[in-house]
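Got some structures for you, see below.
Two complexes are shown next, each including chain A; its partner changes from chain B in the first to chain C in the second.
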Partner chain A sequence: MKIKDTLENYMFVLPAVVIFAVFYIIPFSWVFQLGLYDWDGILPTKTFVGLGNFSEIAVDKIWWQSMLNAGYITFIALTFQNILAFLLAWACDREIRLKNFYRVIFFIPPVLSEVVVGLVWQWILDGNYGLLNNWLVHLGFPNLVRNWLSDPQTALTAVAIVHSWKGFGWGFLIFLAGLQTIPRELYEAARVDGANAWASFKKITIPLMIPVAVLVAILTVLGTMQAFVLIIAMTGGGPAYHTQVPVLRILASMRGSSRFGYACAQGISFGVILMAISFIQYRFSKHSRQT
Partner chain B sequence: MKAVFYYKTKKVTFNLIIHLFLITVSVTCLFPLLWMVSSSLKTQETIFKDMSLMPKEFHFENYYHAWIEGGFGRNFFNSIVYTVCVVIGIIIVASLAAYAFSRFRFPGKNLLFFMFMAAMMIPIPGSFVPLYVLLNKLHLRNTAPGYILCMINVGLSTSIFLLKTFFDNMPKELEDAARIDGCSKLGIWWHVALPLAKPVLAVVVVFNALAVWNEYVLALIIFDSKALMPLQVALMTFQGEFITRYPLLMAGLTITALPIIIVYLLMQKYIVKGVTQGAVVG
Partner chain C sequence: MYWMPRNRTSCFTMQTKKLLLSFLALSFCLFSLLSCNPQKQDNKITVWHWMTDREPAFQELANRYEAKTGIKVNFELYAPSDAYSQKVRAAAQGGNLPDVFGILGEMRDFASFIKAGHILDLTPYMDADAGLWRNKFFAKALAVNEFTPENSYGVKAGIYGVPIDIMTIQMLYNKDLFKQLGLNPNKPPVTFGEFLEIGNKIKAANLQGLVSGWGEMWMIDCLASNYAFNIMGKDKVLATIRGEVAYTDPDWIQVLSLFKEMQDSGVLASGLVTMVNKNAEQLFANGKAVFAFNGSWCVNVYREMNPQLNYAAMMPPKVSDKFPMAVWGGAGSSFMVNANSKNKEEAVKFLKWLTDRDQEAYLAEATNNLPSNKESLKRIPEILSQFADDMDSTTHPSTWGISESSAVIEAFDKGIQSIIIGEKTPEQIAEYVQQIKQKELAKKR
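Entry: the complex of A and B
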């Protein structure tokens, strides 16, 4: 009876465990195996190269350039996007009209797909017929007109700003939820004690929001470093590697040059870097919670 | 009196500035979408010249052409099928597992649950590479079941977590009563636990539906034949082939974005809930 009972319990988790084992654990273990081989993905023969792929990555200039590009987009997301998200949340965290309307609007870009967002913005930023250039001419700045997405000087920043446009709604919602947990009595008490709005913002809002800000920062870094579909839709990684990012390189190694082993090695290297970053941020958040 | 007046004007000005700020950002959020719809109603001739948001004539036939000639009708249907199948799959598989993790005792339970949670934390960029190899070996590449199973796996961990958390906080009395009445475990899961879990199931449904509808890279590597592609991949393929047919492309984008926006507006309560709960997970 007891064995039958236990078996019945296992039946409940069986479908999940089977799907998970086949589509997560097996591929996950293959990544580490394939990373040590040179393989085109088709031929049955794989050439063992040991850590060869990894030493090649270490001197792969385009790979490290793509890492820097992702770092740059992440930097814009951490500063511009998250400060905007916080200010909007702070502006909405009060008794004002249309509060819910704003909240609904700000989360529309995040629910859209990266393909849709990327292609619409590509059309707006188009060098010849784009709306932005058209406006610039009409507003009297014809000297600012440029081919935003194929000019090496502007392509990466344009991509980063569109990424922020798509992403700030997440931070906004999390910040807003955080702000709403701050007891109103704290602000009342501060006002009775003669603190002005700025002082209570600085002494109450900011310190209580630090853990939330760290959480948003972690989510932003992990999400932005791995973003790539938006970039495929906007620039395809060009002009000349100027908007390449790591996951795009992995995709290129696999589909472009048919180097499956190298693609897996790139995935491992990048995964380790991401784990290290989130670990450091996690330690930092623990520290900031204690103080 | 003067001080009160001063205080009031200051407050009004302050609120005005705040509204101005919020309205500016709202316009920035909506404008690209309006531009997309507007561009989808222009013709191949006018789209490069007519820069007004309101086209002089509405060319709705673009939607017909995109649907039939552009083939987006077929891809729309595919996207619907994949989304529905994956969501139903996740609901059944994840809620069965979450219910067992929450209510039953069996050896290895904690280890298994930990495994699912670890998968949620560990980033594997480029996981599409081994998945491609796996699906090739299983002869599931370029098939609908292959894509559906992959996508069920993608949503599994988070869904199990959300559901288990809900079951953990759910009172057991009703289930106990059902058991005394002679209901089987499976019967209790289906007749008692699932109906009670409706609020969290809504969150799971909405988030997974959005994720599948918007998914791009797995669909890209899994499907070779156009007839099987979901909308996102079809849009990129169309853009690659007909780079300058902007009215049709914009009509395709509108067809893709519209269902998502409608679902979002109807279910936004659950989305807000999911984001704030999901944030706690991370």
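Entry: the complex of A and C
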């Protein structure tokens, strides 16, 4: 009877296990397996190359440049985007007028389609007929006019700033939720003890928001490193390799070069790097909480 | 009593458990049944395509075919082309290709589909009745669907695709802007020097020069190979692909230098290196750019964007008299028949009907594309005739019998972008491309 009960219980779990295995575990093992082969994605035959694809990745300069580019976009997102998100959340957490209206407004960019955002910003930053250059001329800064997305000096930064604009709403929402969990009594007690606004912010808000900031940082890194739709819409990865990011390189290997095996190896390497970054961040957050 | 709840926390009665188990078993059976995809032979042909602009015309032709034969043709559109490409590959891997489909990609991808047994050899059908079907097509349109004996891809010689239309990729110029610049609108530049001189006038008039989808790269490759043919001839280009001539050869450096000269003269539009073809088409259609480098499909696009646009087609201005200028052409859209389809005979009959004179003429009229059937050419607009006139000067990588590796093509095209933005010199790019070529050759060895 006990065995029957156990089997019955397994029967209820079985659909979930089957779905998880079919859609997650098996594809992942296939990707790993394909990473060891040279395959064009069409032919039934594959050539085993062992770790050849991985050693090729190690010396693929364009791949590492794309990692650096993604790192730069992530750095802008971690600093500019998250500081902006935090400041806006902090402002909305205070008793200001129209704070509910601002909460809605700040969350509009994340819900917009990345392709639409990319195309709109491409139009704003267009070197010939773009709004930004038009405003710069009218404001008396014609020397600043340039082709923002085609100039190697500005293309990556322009993409990074648009990505931050598109993504700050998520950080804003999480920071706001975090700020609202801080007991108001702490601020009142601090005020009674003679602490000014800055002291309360430094001694109460910042320490209590560290775990939230770490969570936002982890999500920012994971989200930004994998960004590509916005980049395709804005620059297509150009000019030259200046806005190439890892996911674009994986797509190029798969679709442009028909090198499915190499693309799978790139995907695995990229996944391992992201996992390592997340692990370091997690350890860092654990350490900060303990101290 | 056995199925009765043993305690108060048990929430399932015997009936509920039985019901749930039966539901699970039924779901499993249904799921298994639905995942099977038996190919039935029926009065229906399924065609997958990516040609958004041709969808209404295809539907109309499908209706006509059904009225004539009773066979329903189901045209299924999957766009954009990237998504279509992925769908076809995934379907090939899963053995779920439709009766008729097209392949977007290079000749090596086409070859892989054939070698994997997905595409029917159409040679016997083409050659039947003393080559009646074969002789209807422009030779260049058929050539891109043909593998010659001893081709480098290892594919059995034969014709594997049916050309639906053809195209050429050329330069276009805006006649009204030519007048505005003080140029003769009926005399486009013939030499590269004349072309560069216009750059100064374009700069002075604060207009945009040449626009094209060079952000998408393959169009850069197209113009570069046009000039490579003009400067060194086809044989040397193919020798380079075979690895017998280096990309550091002075002729290749000259090809790369042309892009620097164009940039320096002001004949290239600003922001060209990240421009997608759709934006380039808008700029040219709206009269903002003097020149465009685009395919013959643009006639339809420009007509929709600005029916008043006053423009003409021209060959890219030649650099040298040593070899003729060649533009990419011949290859338009083609359909292939699934070799594993139960409806393959019906599919072939449908494609024969589709490429007949009347249907091809209708497609050309409705979509402003060049027909692949020679007999349908009489009923096309004037501007399309200009494209068709240069059909003799066309070439296409699919007909070369050998393909350059993707890594080399990417290095070459991205390199040209670097030259245009002033980051690298032609010599540096030639050196870099040759390094990649050496690596690719070493891999092959």
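General remarks:
Quick note on the criterion: the second predicted complex is superposed on the first by the 271 of 291 C-alpha atoms of A that agree within 3 Å, B and C clash if a C-alpha of one lies under 4 Å from a C-alpha of the other, contacts with A are read in each partner's own complex, and residues count from 1 in each chain.
We adopt the following convention: contacts are C-beta pairs under 8 Å (C-beta built on N, C-alpha and C of every residue); 3 or more make two chains touch, one makes a residue touch a chain.
Fair warning: this is a prediction, and the values are worked out from it, not measured in the lab.
Annotation for the three-chain superposition on chain A: chain B and chain C clash. Once the two structures are overlaid, the count of chain A residues touched is higher for B than for its counterpart among chain B and chain C. Once the two complexes are overlaid on the shared chain, A:P15 sits against chain B and chain C alike. In the superposition on chain A, A:D151 contacts chain C only, with no contact to chain B. Once the two complexes are overlaid on the shared chain, A:I210 sits clear of chain B and of chain C alike. When the two structures are aligned on the shared chain, A:F270 is found in touch with chain B, with no touch to chain C. Contacts of A:L87 after superposition: chain B is touched, whereas chain C is not reached. Contact with chain B, but none with chain C, is seen for A:I108 once the two complexes are overlaid on the shared chain.
In the overlay built on the shared chain, the residue A:T6 is in contact with chain B alone; chain C does not reach it. In the superposition on chain A, A:L186 contacts neither chain B nor chain C. Once the two complexes are overlaid on the shared chain, A:V116 sits against chain B while remaining clear of chain C. Mapped onto the common chain A, chain C and chain B collide along 79-87, the only clashing stretch among 25-33, 61-69, 79-87 or 133-141. Counting contacts by the rule stated earlier, residues 8, 12, 15, 41, 128-129, 255 of chain A appear in both its interface with chain B and its interface with chain C. Chain A makes touch with chain B in their complex at residues 6, 8-10, 12-13, 15-17, 19-20, 22-24, 26-28, 30-31, 34, 41, 84, 87-88, 91-92, 94, 96, 98, 101-109, 111-117, 119-121, 123-124, 128-129, 131, 134, 165, 170, 173-174, 177, 215-216, 218-219, 222, 226, 228-229, 232-233, 246-247, 250-251, 254-255, 260, 263-264, 266-267, 270-271, 274-275, 278. Contact residues on chain B toward chain A in their complex (touch as defined above): 15, 18-19, 21-22, 25-26, 28-30, 32-33, 35-36, 39, 47-48, 51, 92-94, 96-97, 99-101, 104-107, 112, 115-116, 119, 122-134, 149-150, 152-153, 156-157, 160, 185, 189, 210, 213-214, 216-217, 221, 232, 235-236, 239, 246, 249-250, 253, 256-257, 260-261, 264-265, 268, 271-272, 275-276, 279, 282. Residues 8, 11-12, 14-15, 40-44, 126-129, 147, 149-152, 155, 234-236, 238-241, 252, 255-259 of chain A are the ones touching chain C in the complex.
Against chain A, in their complex, chain C makes its touches with residues 17, 20-21, 24, 27, 82, 85-86, 89, 92-93, 105-106, 108-109, 112-113, 115-116, 118, 208, 215-216, 269-276, 288, 405-407, 410, 414-415, 417-418, 420-421, 423.
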